[in-house]
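In what follows, structures are represented as structure tokens.
You will see two complexes here that share chain A, one where it goes with chain B and one where it goes with chain C.
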Partner chain A sequence: MNSITPTSQALLDRYEAVKKNFVGADVPWLAAIRDESAATFRKHGLPTPRTEDWKYTNLRALNKIAFDGDAATDVNVADLPERAGSGPRLVFVDGRYRGDLSHSGASTKGVRCSHVADLLESDKDLIEASLADTGDETPLLALNGAFQEDGYALILERTTLVDELVEVLHVNAGSAVNQPRNIIAVGAGARVRLLETHVGTDTSTQFFNGATVVTVDEGAKVEHLRHQMQPVSTVHINTIRAHVAVGASYNSFVLAEGGQMSRDEIQVALMGKAASTKLHGVYLGSGCQVLDNTTVIRHQAPGTKSEENYRGALNDQSRGVFQGNILVQKGADGTDGRMSNKTILLSGEAEINSKPQLEIYADDVQCAHGSTAGELEEAALFYLRTRGIPEGEAKTILVEGFLAEVMEEFGLGELAGAFRARISSWMEA
Partner chain B sequence: MPAHTETVEQVQSVEKYKYGFVTDIETDSAPKGLNEDIVRFISAKKNEPKWLLEWRLKAFAHWLTLEEPDWAKVGYPPIDYQDAYYYSAPKTNEDAPETLDDVDPELLSTYEKLGIPLHEQEILAGVKNVAVDAVFDSVSVATTFKETLKEAGVIFCPISEAVQDYPELVQQYMGSVVPVADNYFAALNSAVFTDGSFVFIPKGVRCPMELSTYFRINAANTGQFERTLIIAEDNSYVSYLEGCTAPMRDENQLHAAVVELVAMDDAEIKYSTVQNWYPGDENGVGGIYNFVTKRGSCRGKSSKISWTQVETGSAITWKYPSCILQGDNSVGEFYSVAITNNHQQADTGTKMIHLGKNTSSRIISKGISAGKSQSTYRGLVKMMPKAEGARNYTQCDSLLIGKDCGAHTVPYIESRNPSAKVEHEATTSKIADDQLFYCRQRGMSEENAIALIVNGFCRDVLQELPMEFAVEAQKLVGISLEGSVG
Partner chain C sequence: MLEIKNLHATVDGKEILRGINLTMGSGEVHAIMGPNGSGKSTLSYVLSGRDGYEVTDGSVTYNGKDLLVMEPEERAGEGVFLAFQYPVEIPGVSSMNFLKESVNSVRKYRGEEVFDAMDFLKFVREKTKTLNISDDMLKRAVNVGFSGGEKKRNEVLQMAVLNPTLAILDETDSGLDVDALRIVGDGVTALRSPERSMLVITHYQRLLDHIVPDHVHVLAHGRIVKSGTKELALELEQNGYAEFASEAA
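Up next, the complex of A and B:
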């Protein structure tokens, strides 16, 4: 019997104390799933650096958080970031849907852009299925399963094409823990793009632990963009599980720049023939931040393809973590998997830990990975200096160029400008 | 004679123990099992000084507190450490085959393919009453070697002999690279090691010949817990070969060796291994468990340690030859070919720890899996904050032959210095059909074609081997993959 840490116990105590007040506490199947998730979490507790997957990212920052403190404050509407487009935007404050702050956008036939708590009756099966994963291998997913109350639900019927960008804004305002559980379910041949933005107020939530379950049916396409700009007081963990069917694709891009400790974990199962995924990301670390990007891609069917490209710039005493795992199961012949991670260290105290892993059980595969770490190339810097560009500016140009490559490769469309501007302003800060 | 007195005291203290082996001391083997008394027994048997016994006991005490590591990608039934012999004197010839005709024909055919002379075959197969000297053209050859080395000032002897003859050197360096408490298997080895090689190259000496365990006289049956220590003083050079391409049968299933290398200013050590222990049969029954800790310390400035390994044997290989690059401008290299077939499992790689300025390291690893085998590259490259201008280049390629095998890559890259540059590349693929077709079209059999292609795949590593090894290793690559196609 494992003894769990006091922090894990505190979370469980909190769960027992508040579970009666949860949305849907009176729905028996939902309450059962929560209890089951809590039990799974109890079995493992919070991961420690002794756990291989958490070797480089320590959750001890959570020890300082009092999970029973709830300073409910409202958000100032003026503080919310502007909408990126004219499509719908769902706003969640401390994990609860806020209809008054959301925009429904023009309604498209076959699309439901809603929140989970609203669908408990109408879509019980779908919700139950997506919650059923209690996360035996991912204790934080189990923890999320216990605490989840609400989250966005993006449901597309077959062959529905959504042209507008769907936006979701998560605002952390005052609660000590915020653990939304989201659902993306896309029918065969449908297509959608989603931008998730994570912000918080200075006095905001200290522990964000979100999870999203994605199912992409035959030939459908999902593009999932995330911009994580939490305040530096926050511990931010986001776990995504995507199941991709025949000929379908799940593509993800994450720009991570906030939080004292941030982990974006994506687990993609390429379940059908010729399913594909593209996971790209950019991380910008400064101060004492720890920015972790962890990905697991399971090639389970023949002819599946994955492409991964993460780049980051780290300043001050910040630390970057990249853990990529491409797993090719027996029978997944004709797999093509590529992974790349490159980091620029801008200061003498910054640190990068990179673990690009391949685990291959099929023989007809092409898999490759590469990883580099170092400082800006002196020759390039010198070149710019000889053209009369001051050192600071030259560095900005080079770092921006280095990171922008990933964005261009992914194709961010109308968001490219905004994301690029974030990098410039980060460099200037 | 303080050493002598110590030993006498030693033996007396052993006698005081409840389970003491008063009579066993006279015999040639210790009973099954592992406890403090066995450690004392081995030490006493080897007539060791007190400090070494204490060192062993410390290791043993620490071993008891450790748990067997389970992070490697290998699976095997639990080992019962109490159900093994930890000391036995060289075996008698009772059960040995009378002539080569009594030897397993499969083994003989392998020897033939490797082109091993008849006399050597007899030695390797353990045929009765064959003088080892015969292989080396009588004792004179061995004596010549010894004399040449002596003239140069090189010490090359069994470590048990070094403990008696050069205790201060052994005491100074043993355990300084792989501490007794380093890991489970190293601690076990420290407690119960029986023998191994000791090499000392004094200042400014370039060792006049390649040293090989093959030529080490008087070290037969060093057993399962081998311990090797090589020290290269300032400006010296040595190339050391370990193992042998011919398959070796061994009674002991568990092997836990420790190898420590120390290179001082401007010194260079080249350590080459060809490991071809019994891998078990095609159904995965039997085979050696090879859990080895190998580590080199580049202590001096501009020193260099180079590991080259060809791993084709053992049912399980757990081995990470590493370099601690402490001296400024020091260099670490790791060249590896690991071939697994049938049910073999190999989890091997390296660690390059960069501490000093402008240190550089290069890792070239080639893994080939066939049959139902699993092969893993696991490596760490670590740039510490003071490793200004350090450089690493890693390339690990895997080749898969067949549908039931696995090839895995688990690199850890940790950089804490911005001026350090780390580059890592890895690929996994199967033999391209067009390559195979090309060879077949020229009239090569499929097996030969694969051997040729795989040899090409491994060339970067094989060419690092000393000449005579390289030739045999190439043949070995082909033989190891036999039966993997068709």
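Up next, the complex of A and C:
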């Protein structure tokens, strides 16, 4: 209990010092949630390599960060990447919603495309449970809970369909710590597709620790796409907790290429019969980056289905981490769980730690997992070169093809071109 | 014109080619036959520059240039083409994009104008018709899930679009049914021209019915042990390679 690290203590000290100034500090129920979250965090502190699921991903980079600094104000529309479509875009700078930089898009009945700080007074019932997830087994979620001030809130009433892509842009600009708490809550039969992009305009060492709580009601569908392209100075942690009801689906795709250390952790509870999830991703590592994808899928009901497919390319001394946990609980009979992780190592010093884990307590379960890592196939490279394609281009083609397979399997629609272009420019860099 | 002199090559330290001499004039078709494991594919890889195939002695000049110092892609630019015995699958890369990349790379090397997407489509469609290759096949990933015959037709298509001056066909006729053999045979024959030499590696007379060779060579234990005219191919198919077993050792 008293063994938390000095950095953990520094975070708690910071919490005590600034909590009076938080957005919504005067909202008693929220203040209580924050205190409770802080208490949960105090119990565990930041994970160390001795923590089982943090064995391969070290947070010591946080020791060098001073946890102060205010949200930046000098960010202009011109600094932001272009919108991917014509739908709404919510922009957060250092975790604060910026209406002046956002686009509201066409309003659809039954859809709230807003931000938490704006709903504190009016919609406690809609948001309280999501904000109150204190993350008992996930200290970084607890930490996020303590510091939460704002975040996006995408709330759909039952059977509402949002055709346009909803965009959220997170900009790390000046403050050293940025911990948005986001909400996706989708009513029965509703459907939405969301693209979250993480960028940074500042190259000082920063800590992004975001969390998103997702609830998908009966028969609803959520497609959650993320592109993490923060500067390599950033420590980026993003935790997603999804609760999926009967016949509903939560599908996620992440393209991770930024951060000195980046962890995208998705915890999915398939709570209702025939609930499903598809978690796919691509990671691109170079320099000394550490890119971690951790997934925990709990099959809690019969006939539930999960498909995981992560692929990456690692160059220089970069390291990838893939931890895939599938837990099939008692009674979740007829579960189907598949997990695959493949990595191309473009340098002799790059490395991947791939750890699939299955725990099965039900009957008639089909679970499969596989992971491979290796250099580009010599035969394929030679084949392309005999067709006149220079070695460098041939490598790019092979890596793109390898990664394109996951993207095609997921189906990125109109974003496919842009994501592929990122991979090309990464290969050319 | 290709000149191979006293070519020795090793793979993983093991000598596979043990002194090959072969001269091919432009426009000529030479067939190479020989038992399994005699080094035919090895020769094709050495000529196209595969890593791991180490030349320990001898020389190869093509149109007066030292071929052995060039990268595989430079050799392609110079007009060398290898149709693989076992074409390689490239997941995630569409056949169409692959063809376009390769044609444009070679054209760039040769100082020719590169194709834009529309022109390229037209250019390819002309070639695919005669080879009975569907647009659907071009949309699929390179060789992935292709049947044996489709893979071989795809090799001939690549040859047709890359317009080589020296084509090495490594068992392009293997694994083909009668109809596919005719398509491939006609396809290859159509590409025969006074500017294009062909080195046809095969186990069978039947491809040579389509594309009649000027010379036939027997490769055994890494050496050319006999050369002759097209009749030699017939003879070999009937009598096998037993007579060369002792000569080569």
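In the analysis below, the second predicted complex is superposed on the first by the 419 of 429 C-alpha atoms of A that agree within 3 Å, B and C clash if a C-alpha of one lies under 4 Å from a C-alpha of the other, contacts with A are read in each partner's own complex, and residues count from 1 in each chain.
Keep in mind that, in the parts below, a contact is a pair of C-beta atoms (placed from the backbone, for glycine too) under 8 Å apart; a residue touches a chain by one contact, two chains touch by 3 or more.
As the structure is a prediction and not an experimental result, all values here were calculated from the model.
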Between chain B and chain C, whom does A:176 touch in the aligned arrangement: first, second, both, or neither? neither
In the superposition, chain B vs chain C on chain A residues touched: B
Check whether A:126 is in contact with chain B, with chain C, with both or with neither, and answer first, second, both or neither. neither
Which holds for A:232: it touches chain B only (first), chain C only (second), both, or neither? neither
On the A-aligned overlay, A:27 touches which partner chain: chain B = first, chain C = second, or both, or neither? neither
With both complexes overlaid on chain A, does A:330 touch chain B (first), chain C (second), both or neither? first
Quick check on the superposed pair: does A:349 touch chain B, chain C, both, or neither? Answer first, second, both or neither. first
After superposition on the shared chain, which partner residues are touched by A:366: those of chain B (first), chain C (second), both, or neither? first
Hey, which residues of chain C end up touching chain A in the complex? 48-52, 71-73, 75-77, 81-82, 84, 87-93, 98, 101-103, 105-106, 109, 141, 158, 162
In their complex, what parts of chain A are in touch with chain B? 52, 330, 343, 345-375
What part of chain A is in contact with chain C in the complex they form? 377-380, 382-391, 393-394, 397-398, 400-405, 408
Parts of chain B lying in touch with chain A, wherever the complex brings them together: 71, 383, 385, 398, 400-430
